[in-house]
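Okay, so chain A shows up in both of these, paired with chain B first and chain C after.
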Partner chain A sequence: MLHIAILIPFLWAALIPLMRVLPRIHPGWAVLPVPVALFAYFISRMPQISSGETLAVTIPWMPGLGIDLSLVLDGWSLLFALLITGIGAFVVWYSMFYMGKTSNSIHNFYIYLLMFMGAMLGVVLSDNMMVLYAFWELTSVASFLLIAFWYRRERSRYGALKSMLITVFGGLAMFAGFNLLYTMTGTYSIREVAAQAGGLTDHPLFLPAMILVLLGAFTKSAQFPFHIWLPDAMEAPTPVSAYLHSATMVKAGLYLVARMSPIFAGAAEWFWIVSLTGLITLFYGSFKAIRQTDLKALLAYSTISQLGLIMSLLGIGSAAAFYTDPAQVAFFGLATTAAVFHLINHAVFKGSLFMVVGIVDHETGTRDLRRLGGLMKLMPVTFVIALIGSFSMAGLPPFSGFLSKEMFFTAMVNIRSFDALHAGSWMLVLPIIAWMASVFTFVYSMILVFKTFGGKVKNDQLDKLPHEASIGLLAAPVLLVSLALIFAFIPDTLSYALIDSATAAIRGGGTTPESVHVSIYFWHGWTPELWMTIGVVLVGLLLYLTYTRFRVLDREWSGRDTLNRLYNGGLSLLENGGRRTTDLYMTGSVRHYLIYIFLFLIAALGGTLLLSPDITFGMEDYAPITFYEVVLVIVMLAASAAVPFARSRVNAILFTGAAGYMVTALFLIFRAPDLALTQMIVETVSVILFLLCFKFLPKLKWEKEKPTFKWTNLIVAGGVGVTMTLIALAAMGSSPFEPISNYFLNESYELAGGKNVVNVILVDFRGFDTLFEIMVLGVASLGIYGLIKLGVKTTP
Partner chain B sequence: MPKGSDIFLQNVSKIVVFIILAFALYLFFTGHVSPGGGFIAGLTSAGALLLLALAFDIDTVRKVLPVDFKLVMALGLLIALCTGTGAFFFGEPFLKHAFGYFHLPLLGKTELHTALIFDLGVYLAVVGVTMTILITIGEDS
Partner chain C sequence: MEWIMAIAVGALFMIGVYLILSRSMLRVILGTSLLTHGVHLLLLTMAGLKRGAAPILGSGGDSYADPLPQALILTSIVINFGITALYFVLAYRAYQTRGTDEIDGMDASGK
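This part shows the complex of A and B:
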């Protein structure tokens, strides 16, 4: 059934174009049943999964390569499957009211969306790393298509390309990492690799594999410094931003990190890389979010920051792997539970916040914070949704974000006593960064609500008078955001249903949902976490009221983004550098290409000759040199040497011909009459053809001047000559085999009835070659015929 | 033919062409036992025709030999190919040749060889190729 769940979105996507026959019905109605049905199916599996079972299906795909469509549904996959289908349903609903149905490309929108949904389900359900990779790249492709949905806008295309380049870069790194894991373990199955994880830590490929896999996860999840694609992906339609770039796809990296935790956790590098990257991203994202003036950009940086938060929790949760004492494991493992819980919360409030921004954009025509304000009275429902979403994001009671933020602080406070890596008081840095980032989070959450909905309406800045959105548009965010309230009041139910089984899956190693259960409740007593939250609210409020006075947080300052400039500069450097390098050697001059070829020939052959130890220049097999040979060679050398110095072309041809006739004579004294005959006739014909050619050279360019002398040509020509001579001598000196010519000489008459051995070889022993040589001649003559008779007569 | 046609050349050609052709024929038939063969014979025959073309003109060659040399070339290739495939009918591999000695009228004991048919193909192909090239270039200029 699992594989059908993955296939359904793809099959359905293929059917969507058929909706064109019903132009009056929005195609979204046809799409909606898919996520709803899948959600219902995954919900129905929940009791089974939360009791600690897993569902597994394997369909052979490429068994010879160890690649099978093996799907596993455990707590962690189920959580994602529910997010994908649940939020998918909300987003499809929302998009029906958000996107007009008049546009013809609306069908494309839903095809891409379904494709994405299926790919994302494939990512979270695959147990086979290669299948996971395939679906992973498919999510990149679907995201690319969706970002560039309004492909006539330049910014959309830029954003799509950027996200594609970065995520595919990471995807390929991850692919390499998977293959390294395969090299180490001999299996592509994640569960089987995790089963042998204990022995991997000392393997030399362990660290490269970890870093490569993390590259994939970090680029997909927009971790620092790969986050730069996410703000530019905000050019996508808002339902896409809500779905892909806040709730699902960007969490694929988190999914992967958690999925790989049983393999890599326990290595110090994993702990540091994941936690610190997460924390840096958390801090940087929240800091940058304050300086945004575009609502979606603010939400993009906020998403980056929240993803960093979850990532750091996953890293810190891996600290539990250093301990065996159950109390300490639970003490540090709390972070993992917090990560899972916050992941759910973030999907809920960020999805609804994006929808709110979409509604504001839809009703006012702008997302610019400087033009917005005072929408509270005009759009009360939207305001309430934004309020709940933002307060949940800021971590204020009584919303679910408060609970997960408290757990985040607990984890950060706990990590101070983490002593397995002997970091000592350096561990104190982690909670401090986390606390500062939370202050920024509070500030931008307040900006999001009160700059948009508070204050006065700036009617002169808006194109139309805003009013409350339709019920259809409001339904999805209202339902989503109410989840933030519901989860806040029944956290333990959620915990038993989802979080515990997900945490157990991340921990791996046979942990059961019961053993990792953490009770979540509002009131902990006067703990450090609570004081931290109170501090966040107080400092945050102070900062919110005064932040425009700080130059660092000032908006004017935000135009300068070093990382984006680095990306753009790097890209143009690559393009220009590539073009310049190509222009440097691809000159279009045949002379240059010949020089490259000959130089390579000299280097390869001469180098081999120099480096091979067993090449000898023995002279014992040489025949005695006769007088006629000497004379002929001298004449031939003179004729050849005269060619480059010939003052006219006709002379050069005649010298070439002379050298050719000397070859004829050489054939004669070497007793090759057939060759001599042929050589003579062919030489004559080619000399005549050369003369013909030069007779018809265009008059304009017909210059009777001496060929220009170039040192490079001399060196290259000399080098080739010396190299080939040496090779010929070496070949003569060290030939260890008997020639087969004796066989031909002996058997020519007996087997073939001929005494002219050359001819017998040509027509009998090796007639096959002759057949194709006359074929070559035929093709050449037809070529000449075609060139002359059919050639375009444009030459002057 | 240009107006100042050379009567000596023309008359000498008339005789020499036949001598060359006869020599070509000799080269062709003797190829299996002494220097010669289809390739050289083909080139020599083409040389005779070229001499004819030089002494008179290409139209004369056309009149003497009213054939399309492209077809001659194709025929040669076909013969060579058929010699090869013919071996299949006797359950032999491609291009396997056979020969035997026969008593023929006038010639006495003679060796007959399928390689000669192959050589004929080579001969025709070479004549066709050379003449196609020469006629094509000649007519163009």
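This part shows the complex of A and C:
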């Protein structure tokens, strides 16, 4: 059934174009049943999973390579499957009212969306790393298509390309990491690798594999410094931003980090890289979010920072693998629970906030904070949704964000007292960074609500008079934010149903959901965490009221966007550098290419001769030298050498012919009568042919070349000559084998009935050569005929 | 004798390559001809020279020259003849259409 769950969206996507026959009906209605049915199916599996079972299905795909469609449903996968299908259902509903049905491309939109849904389900259910990678890249492709949905806009194409390049770069790194893991363990199954995890830590490939897999996770989850694609991905339609770039796809990296935790956790590098990257991202994202003027950009940076928060919690949670003391294990396990809980919360409130921004955009025609204001009275329902979502995001009671924020502070504060990894007082930095980031988070959450809905309406700046959105548009965000409230008041139910089994799956090593259960409730007493939250609210309020005075925070201050400049600069550097490099050696001059070829020939053959110790230049067994032969060779060489110096065409042709006749004579002397015959005929015909075309050829210019040109040619030619001489000598040096020719000599008369062995070889022993040699001649003559007869425009 | 032939082969290669690197098409074609001679002599020399009579059975002697390289060279001579002829006509046509036999600066447009 699991594999069918993945297949359904893909199959359904193929049927969507059929909706074109019903132009009156919005195709969203046809799509909606898919996520709803899948959600129902996954909910029905929840009791099984939360009691600690896992469902597994395996279908052979490429058994010879160890790649099977092995799907596993455990708590962690189930949580994601519910997010994907649940939020997917809301988003499909929302998009039906958001996207007009007039345009033809609406069908494409749903095809891409379903493709993404299927791919994302594949990512979270795959146990086989290669299958996971395949679905991973499918999500990249679907995201690319959806970001560039309005492909006539230049910004959309730019954002789509950027996200594609960065996520595919990470995906390929991850692919390499998976293959390293396979080299270490001999299996692609994540569960089987995790079972061997203990013995891997000292393997030399362990760290490279970890870094490569993390590259994949960090690029997908928009961690610093790979976050730059996410703000540009906001060119996508708002339902896409809500679904892909807040609730599901950007969490695929978090999914991967947690899924790989049983393998890598326990290594100090994992703890540090994941935690610190998460914290830096959290701080940077929240800081940048304050300075945005576009609502969607603000939400994008807020997403980046929240993803960083979850990532850092996953990193700290991985430290549980260090310890055996149950108190410490339980404490670090709390961080993992917090990560899971905040992941759910974030998906809920961020999805609804994006939908709110979409509604505001829909009703006012702008997302610019500088033109918005005072929508509170005009759009009360939207305002309430935004308020709940933002307060949950800022971590204020009585919303579920508060609960996960408290757990986050607990993890950050207490990590000092455990002196994890002997970092000593440096650990104090972690809670301070986390607290400052929370202050910034509070500030931008307030900006989001009160700059949009508070203050006065700027009617002169708006395209249309805003009013409350339709019921259909509001339904999805209303339901989503009610979840934020519901989760806040029944966190334990959620815990038992989902969080515990998910945490157990992340911890791995046979952890049961019962053993990791953490009670979540509002009132802990007057703990440091509570004081920290109170501090966040006070300092945050102060900052919110005064932030325009701080040059660093003010959006009018155009901060340097270094990373984007780096990306753009790097891309153009690559393009220009590639073009320049190509222009450097692809000159269009045939002579240059020939020089490369000959130089490589000299280097390769000469180098081999130099480096091979067992090549001998045998001097024994040489034939005796006679006067005639020497004279012939000298004449032949003299005739050849005269060719370059020939001043006229006739001379050049005749010298070449002379050299050919000398070769004929040499063939005679070296006991090759057939060769001599053939060579003589061919040489004669060639010379005649040359002379026939003679009158059509241009005057041979005496090459008034620069000395460099001539010397280059001479050096290259000399190198080739010397190399060939050495090769000839080496080839005559020693042959360990008897030549095969004795067989031909012995059997020529017996088998073929001919005494001229050369001719017997040509037509009997090796007749195929001759057949195709005849073909060559035929093709050449046809080519010549075509060249002469078939018209090319001639210029007199 | 073989080492003299080896040097001769090298020299033929050198002259051939030098001609091939020049600008005029006629010189390039002549260069390929000379290069071909070098290749053929190399093939012949590598099997050893003058190891007996010509490979025609019953032409006296108890040992014969190696017939196999001779068969290879015969094939090669014919193929090279075909190629040279084609080159030559190609050069002639190129000169007809372009009005020059300079190789450099040739491109698809023939300008």
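Heads up, the rule we're going with is that the second predicted complex is superposed on the first by the 773 of 796 C-alpha atoms of A that agree within 3 Å, B and C clash if a C-alpha of one lies under 4 Å from a C-alpha of the other, contacts with A are read in each partner's own complex, and residues count from 1 in each chain.
Operating definition for what follows: a contact is a pair of C-beta atoms (placed from the backbone, for glycine too) under 8 Å apart; a residue touches a chain by one contact, two chains touch by 3 or more.
As the structure is a prediction and not an experimental result, all values here were calculated from the model.
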| Touching partner for A:Asn756 - first (chain B), second (chain C), both, neither | both
| query | Looking at the overlay, what does A:Leu542 touch: chain B (first), chain C (second), both, or neither? | reply | neither
| task | Mind working out whether A:Ile784 is in touch with chain B, chain C, both or neither, as first, second, both or neither? | result | both
| message | Is A:Gly660 touching anything from chain B or chain C once the two structures are fitted on A? First, second, both or neither. | response | second
| request: Compare chain B and chain C by how many residues of chain A each one touches, and report the one with more. | output: C
| message | A:Ala728 in the overlay: touching chain B, chain C, both, or neither? Say first, second, both or neither. | response | second
| message | Between chain B and chain C, whom does A:Asp764 touch in the aligned arrangement: first, second, both, or neither? | response | first
| said: Applying the document's definition of touch, where does A:Asp674 land relative to chain B and chain C: first, second, both, or neither? | reply: both
| said: Applying the document's definition of touch, where does A:Met62 land relative to chain B and chain C: first, second, both, or neither? | reply: neither
| Residues on chain A lying within both footprints (that of chain B and that of chain C) | 673-674, 678, 682, 685, 689, 696, 755-756, 758, 762, 770, 777, 780-781, 784, 788
| query | Which chain C residues qualify as touching chain A in the complex? | reply | 1-24, 26-27, 30-31, 33-34, 37-38, 40-42, 44-58, 64-68, 70-71, 73-75, 77-86, 88-93, 95-101, 103-107
| Of chain A, residues touching chain B in the complex | 673-674, 677-678, 681-682, 685, 689, 692, 696, 752-756, 758-760, 762-764, 767-768, 770-771, 774-775, 777-778, 780-782, 784-785, 788-789
| Can you name the residues of chain B that touch chain A in the complex? | 27, 31-40, 43-44, 47, 70, 73-74, 76-77, 80-81, 84, 94-95, 97, 99, 111, 113, 115, 118-119, 121-122, 125-126, 128-130, 132-133, 136-137, 140-141
| Considering the complex alone, what residue numbers of chain A touch chain C? | 588-591, 594-595, 598, 619, 621-626, 629-630, 633, 636-637, 640-641, 643-644, 649, 652-653, 656, 659-660, 663, 666-667, 669-675, 678-679, 682, 685-686, 689-690, 693, 696-698, 700-701, 703, 705, 712-714, 716-718, 720-726, 728-729, 731-732, 739-741, 744-745, 748-749, 755-758, 761-762, 766, 769-770, 773, 776-777, 779-781, 783-784, 787-788, 792-795
